[in-house]
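The structure that follows is given in the form of structure tokens.
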Amino acid sequence: MKRSLKRGRRLSSEKRVEWVLVMNVMIDICIVPLGVGVSVSKYIAACQRVLDDAQLAHEMHAYGTNVEGDWDRVMAAVKRCHEVVHQMGAPRITTSMRLGTRTDREQTMDDKIQSVKLKLASE
Amino acid sequence: MKRSLKRGRRLSSEKRVEWVLVMNVMIDICIVPLGVGVSVSKYIAACQRVLDDAQLAHEMHAYGTNVEGDWDRVMAAVKRCHEVVHQMGAPRITTSMRLGTRTDREQTMDDKIQSVKLKLASE
Amino acid sequence: MKRSLKRGRRLSSEKRVEWVLVMNVMIDICIVPLGVGVSVSKYIAACQRVLDDAQLAHEMHAYGTNVEGDWDRVMAAVKRCHEVVHQMGAPRITTSMRLGTRTDREQTMDDKIQSVKLKLASE
Amino acid sequence: MKRSLKRGRRLSSEKRVEWVLVMNVMIDICIVPLGVGVSVSKYIAACQRVLDDAQLAHEMHAYGTNVEGDWDRVMAAVKRCHEVVHQMGAPRITTSMRLGTRTDREQTMDDKIQSVKLKLASE
């Protein structure tokens, strides 16, 4: 399940090498606040700022947002989005999310799109 | 539930006016073929062509594709995508989809993105 | 992409045999009305009645409903759910849905659950 | 955004009381391993054991599993599922998930289903 295996810092006191497993994830997330009327753009804007603050690569589209990065950092940002939207007054939130992980190779959001475009162009 | 109410053709034999309800939908769709290995870009490319052929507004992102238009035409294209991906050899498909409809006003894919960007810019 | 190939009715006037392709689908659907407050159970109840009326096999769970049957009949019911929920007063709906099709074999909702339970029991 | 506010441990060295916010979440998750053929039930069974081990309330249905509990514990189990499925040999995983949080009241998986059934029965 490792995306990449990074050699950890040598801890002198313990004289051992710690291996840290890093699992990257690409998500597509659509956060829907309930009980606040039909206009939800200000809540989505607040979540964009959460992702900016988290310094995670992200790209909004018309029905959600792609985010990629280390699993724990991405999921911490998702939790923060729920917290922020509740703090803004939404009593209920329902989110739909896709989560993709792979161990065979690294692949960014751009790689995925380019891969399809190459297929389309080669015809 | 109508997005727009269009007057249907007057059917002379029946001397009546037929009202046709048109419901627009915006979807975000991610089609996942199973049993064909990990590389799925050629199947996604085939679905892009289905959407082109259907002359539906669509925009691919890194974890799915936005499509908008008349409900029946959009859903016919979704069905066609499943048919085409099966015909290409995938024995099983699992798709995740969001579907948005609204009766309060017209809103395109661009409108949704602009609405959030305006909120972000006005701070 | 056919799940089963059924011989159509012989149309005497045209002296031909029509083959009808039937593609079954299993979906999991979660319909979320916006602009109607946080309590959405009456809208979900209305959708259950739509599925009953459509005589489709369906099973509600705590975060959605499984439905299985012929693609066109299932999708017609999904559209009807959106129409009904709008007619009940919801100006906006966002639905999340999974759609599964397979050509390798028939598999009901119960089959899928039993398959996992068998794996769990055999340990 | 708190579901319940629990008093944290008093940290003697800092002479302060730490308040820990606990946010419950209900999810519906469908984990799809890619690159391992069409039969995925053994991977789903492994995830059921992860949820058992995590001692989280969960209920499988034909197209996913409902899980409820503290946000961090639920999300740790989701991560563990991805890790386990990769360790079993799946090079790629795509998961679709719904996540619901609410601050207005407590609501279990059973509550949600009962609420709809009551509406249906009262007609």
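Think of it as A, B, C and D in the order they're written, each chain with its own count starting at 1.
By definition in this document, contacts are C-beta pairs under 8 Å (C-beta built on N, C-alpha and C of every residue); 3 or more make two chains touch, one makes a residue touch a chain.
Heads up on the chains, UniProt names are A, B, C, D = Thiamine-binding protein domain-containing protein.
Just so you know, these numbers come straight off a predicted model, no measurement behind them.
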item: Which of B-D and C-D has more C-beta contact pairs; value: C-D
item: Greatest separation from subunit B - chain, by CA centre; value: D
item: Euclidean distance of C-alpha centroids - subunit C vs subunit D, Å; value: 25
item: Length of the line joining the C-alpha centres of subunit B and subunit C, rounded to whole Å; value: 18
item: Chain centre separation (subunit B, subunit D; CA means) in Å; value: 30
item: Contacts with 2+ other chains: residues of subunit A; value: 30, 35, 38, 91-92, 94, 96, 98, 100, 102, 104
item: Complex contacts: residues of subunit D adjacent to subunit B; value: 30, 32, 34-35, 37-38, 40, 91-92, 94, 96
item: Partner subunit B, residues of subunit A touching it in the complex; value: 26-28, 30, 38, 41-42, 44-45, 48-49, 59-64, 66, 68, 96, 98, 100, 102, 104, 109-110, 112-113, 115-116, 118-120
item: Footprint of subunit D on subunit A - complex, ascending; value: 1, 23, 25, 35, 71-72, 75, 78-79, 82-83, 86-87, 91-104
